[in-house]
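Both of the next two complexes hold chain A, though its partner changes from chain B to chain C.
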Partner chain A sequence: MNIELLHRPANAVAKITMSSGEKIISEAGAMIAMSEDMSVVTSKYAKGGSGGFLKGIKRLFAGENFFMNRFSPGPNGGELYLGTSSMGDLMTRKIDGEFIVQGGSFVACEDTIDVDASWQGFKSLFSGESTFWVKLSGTGQVIVNSFGAIYEVDVNDTYTVDTGHIVAFEETLDFSVRKAGGSWISAIFGGEGLVCEFNGKGKVYCQSHNQNNFGYSLAPMLKEV
Partner chain B sequence: METNMTESQQSEIKYEMIGKPDYAMIKMTLKANQTVQVEPSAMAAMDTNIQMKTKAKGGLFAGVKRMLSSESFFMNEFTAQNSSGELYISPALPGDMDHVYLNNNTIILQGSAFVASSMGVTINSQFQGLKGLFNGEGFFFIQATGTGDLFFNTYGGILEIPVDGDYIVDNGYIVAFDSTLQYETQVIGGLKLGLTTFMSGEGIVCKFSGKGRLWIQTRQLAPYIGWAWTFAPRKNNS
Partner chain C sequence: MKTEIKFKPGFAVVHVKLQPGETITAESDAMASMSSHLQIKTKFNGGFFRGLIKKFFGSESLFINDFTCPINGKEAELVLTQPTPGDIWELELNNSSFFLQPGAYIAHSGNVTLGVKWAGIGSWINKEGLFKLEVKGTGKVFFGAYGCIIKRKVTGDFIVDSGHLVGYSKGITMSMGLAGGIFSSFFGGEGIVSRLKGDGEIYLQTRNLSALATLTNKYL
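== the complex of A and B ==
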C-alpha cells in the first residue's frame, strides 16, 4: 500500500494505491474518488463506550461520524482518494504499537490495525466536551488530519499541550489533564482551558490551530438563527 | 490564430498563475484588441487601456431564465484597447485554478467553477444533461465548447485524473470532465439497500466510463459552512 499526500498543507488529500488483498478503514464520508471495482463495506464502531445501534443513529444525525468504511480493491488493485472536511494538513505514519488519535483527526488506517473508538483514557477529564478518542493498535500505516498545519513534538521527560491542539500521541506516554493556570480564573479568562501534560518518552502530534477557537471567532459575524 | 506555449500547455491568451494551489489567481497579458470573457466580480486589477463591457449571455430572455435558476446571467468582456494590457483575475472562492486549451472539443464544468475563457469558447448554461443527477444538491453544470482557453477554479485543490475505463467520484467533488466520458449516478455499494448505502456517508456517487480527463476538488464548501454554522449565536427562546 502506497500513500501519497497531495495538495499539502492547506487542502491535503491522500492518494492511496492498493494491491489486491490490501484493505483500508476510513472515517465515513472521507472518500472523494476511487477505482470502480473498489468494494466498500460499512461497519458500526461503538464510540465512547456506550454502544447500541439506535444510539449510533442518534449520533449520526447529531453530525458525528460513527460509521467506518472498509475499502478493498479488485483483483488488479486500485486507487482511492481520501479527504477531510476541515481545512488543513494530513499526516501519514507507520505505527507499531498503540496510538491515540483525537476522534475528529482520524482519517484512515490499514486493516491490520485494530480501531477502538470507545477508548476512555480521558473520559473523566474531558466530560462535557464532545471530543472522543480513537485508540489504534497494531502494525500498519495511519492517516490523520489536522486543523491548520501539523507538527511533531518529541517528548523526552515532560511536555504540556492545550487539549484543543492534540492530534495524536504514542501510547508509550503517560498523560494527565489539568487546568492551564492552576486556577479556574486563568482557565476561564486566560483563554487557556485544559491542557494535557505528557510524561515519558514518545511522540505527540499537534495542530497549529484550534478549530473551536476559530469557530468562536467567526460567531459574531454569523447572523442569529 | 496565433498561439503561444506556456510550459507544456498550449494557450491563446498569455497568462501566468499566481498563488497556486491555495490562493490561485491569473495574471493575463492581453494582446492589442484581444478580448477575454470573465465571470462577474472576478476582475482584481488591470491596465487602464483595458475596457470592460458587461454582456447578458444568450440574449435577455435566456439570461433572465438563467438568473431565475440561480445561474450567473452576466459575463464581463475585457478588451485591450490599441496596445497590450494586463488583467488580474481573482475568483471568489479561495482555492486552486486550472487551465485547459480546447481544440474544437467540449468540457463539462460545474457552473460555479467557470472563471474565464477565450471568445472562441461558447458557454452553454442551458445544458441540462446532469440536472437530474444533481438535483437538490445545488449544482448546475455548463458546457464549454469550441477552440481557445478555459480557466476554472474551486474551493480546495484540483486533481486531474486520467480516466481510462471506469472511475467513481463522490458527486460533491466533481469539477469538470471531458465530454468524451459517459457518466451515471449510483448509490454506493450497489443497489442493495443495506447499511453501506445509508451509513457510509458517501451518499450518491457518479460513475464515469470511457477515456478522458476528469478534474476533482480536494475540499467542499458545504461541510465548512455547516461546521461554521454550529458556532452561530442562537436566539434564546427559553
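== the complex of A and C ==
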C-alpha cells in the first residue's frame, strides 16, 4: 500500500494505491473518489469482523461517525482518494503499538490496526477535546487530519499543549489536564484556560489552529437559523 | 529570543525560542503549545479602563499574557497562533508607532506599549471599529490576518475596501468614503470604503471574514 499526500497543507488529500488483498478502514464520508471495482463495506467496525454495537456507540461519542467504511480493491488493485471536511493538513505515519488520535482527527488506517474509542478518564471531559479519543493499536499506516497545519513535537520530559490543538500522540506519553499558568486567575482571565500537559518520552502532533476559535470568530456574523 | 513565522501564508504561527529571563507578551488565548516550564502571567491589556475600552470597542481582549522563561530554566519554546487561518507578519518598531485594526494583534516583545486611539464614527460605520490599537515603542510586534497580507506604500490618497485593512503607519489618516458614485457604490458591490491619506505603509488582507459569513449565510 502506498499513501501519497497531495496539496498540503491547505487542501490536503490522500491518494492511496492499494494492491489486491490490502484494506483501508476510513471514517464515513471521507471518500472522494475510488476505482470502479473497489468494494465498500460499511460496518460498526471492530478488527477483522463486523464490529460490536458498543464499540460503535463509543465511537459516536468520540466525535467520529458511528459507521466506518472498509475499502478493499479488486483483483488488480485499486486507487482511493480520501479527504476531510475542514481546510487543513493531513499526516500519515506508520505505527507499531498504540497511537491516540483526537476524536475528530481520525481519517483512516490500514485494516491491520484495531480502532477503538478509548476512555481516557474524566480529565478528557475538561480538556476541550472530545470526551473520547480514538485509540489505534497494531502495526500499519494511519492517516489523521488537522484544522490548519500539523507540527510534531518531540517530548522529552514535559510539554504543554492548549486544549483544542492536540491532533494525536504516542501512547508512551502520559497526559494530564491542568490550568494554564500558576494561578486560576491566569487560567480563567488569560484566556488559556485549561491546558494538556504531556509527560514522558514520545511524539505529540499539534494543529496550528483551533476549529472552535475560528467558529467563535465567524459565528457572530452568521444569521440565526 | 528567536522568532520564526512558520506555515506561511495559509496557517501561519509564530514559533518562539526564549532564553532564560526573556519574556514575550501575547494576546489572550494565542498560545497553541509551549514548554511546560514557561511561566504565564496574566495582566490587563494596558490598565483596567483602557483594557475595558479595548475589549468593548476595539475587539481586543481585556487581558494579555506574559510568557517568561525562568532565569534558572533551560531554553523554552512557545507556539502562538490566531483564531482565523491566514498569514502573520512581524513589524520592527524603533521608537515608532503603528496602528492595527481590531483583532490583528497577536504578540510583542521588547519595550512596546499597547494603547487605544479613537478611530472615529466613520471607521465604526465602515466596520473597522470605533477604536484602533496603537503599538508604540521599540521592539517586535506580530500581527495576523484572514487570508494573505499585502504591504503597500502609500503617498497621497489610496482606497481600501472595508474589512480589508489590517494596519497602517502613523502618518496616515483614515476616513470613510464611497467607492464611486452612489450607483456603483451600492450596486457595484463595493459599498463603503476607507480613504487613506498621507505618507506611509499599509497592510491589507486578501480575504475578509465578514465576506465569508455573507457567503455562508446564503445557505443557512
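By definition in this document, the second predicted complex is superposed on the first by the 183 of 225 C-alpha atoms of A that agree within 3 Å, B and C clash if a C-alpha of one lies under 4 Å from a C-alpha of the other, contacts with A are read in each partner's own complex, and residues count from 1 in each chain.
One rule holds for everything that comes next: a contact is a pair of C-beta atoms (placed from the backbone, for glycine too) under 8 Å apart; a residue touches a chain by one contact, two chains touch by 3 or more.
Everything quoted here is computed from the prediction, not taken from an experiment.
> Now for A:N213: first (chain B), second (chain C), both, or neither, which partner does it touch?
In the superposed model, A:N213 contacts chain C only, not chain B.
> Per the contact definition in the header, classify A:G148: touching chain B only (first), chain C only (second), both, or neither.
second
> Is A:G29 contacted by the first partner chain B, the second partner chain C, both or neither?
Once the two structures are laid over each other on A, A:G29 reaches chain B alone.
> Using the superposition on A, tell me which residues of chain A are in contact with chain B and, in the other complex, with chain C.
Touching chain B in the first complex and chain C in the second, residues 10, 87, 216, 218, 222-223, 225 of chain A appear in both lists.
> Residues of chain B touching chain A in their complex?
Touching chain A from chain B are residues 21-22, 95-96, 156-157, 159, 161, 165-170, 173, 188-189, 195-196, 199-202, 207, 216, 218-220, 223-224, 226-235.
> Quick one: which bits of chain A touch chain B in the complex? Just the residue numbers, please.
Against chain B, chain A makes touches at 6-7, 10-13, 27-38, 40-44, 60, 63, 65, 67, 69, 81, 83, 85-87, 215-216, 218-220, 222-225.
> Which residues, counting only chain A, touch chain C once they are in their complex?
So the residues of chain A touching chain C come out as 9-10, 87-89, 147-149, 151, 153, 157-162, 165, 180-183, 185-186, 189-193, 195, 197, 206-210, 213-214, 216-218, 221-223, 225.
> Considering the complex alone, what residue numbers of chain C touch chain A?
Touching chain A from chain C are residues 6-7, 10-13, 27-29, 31-42, 61-63, 65, 79, 81-85, 209-210, 212-214, 216-217, 220.
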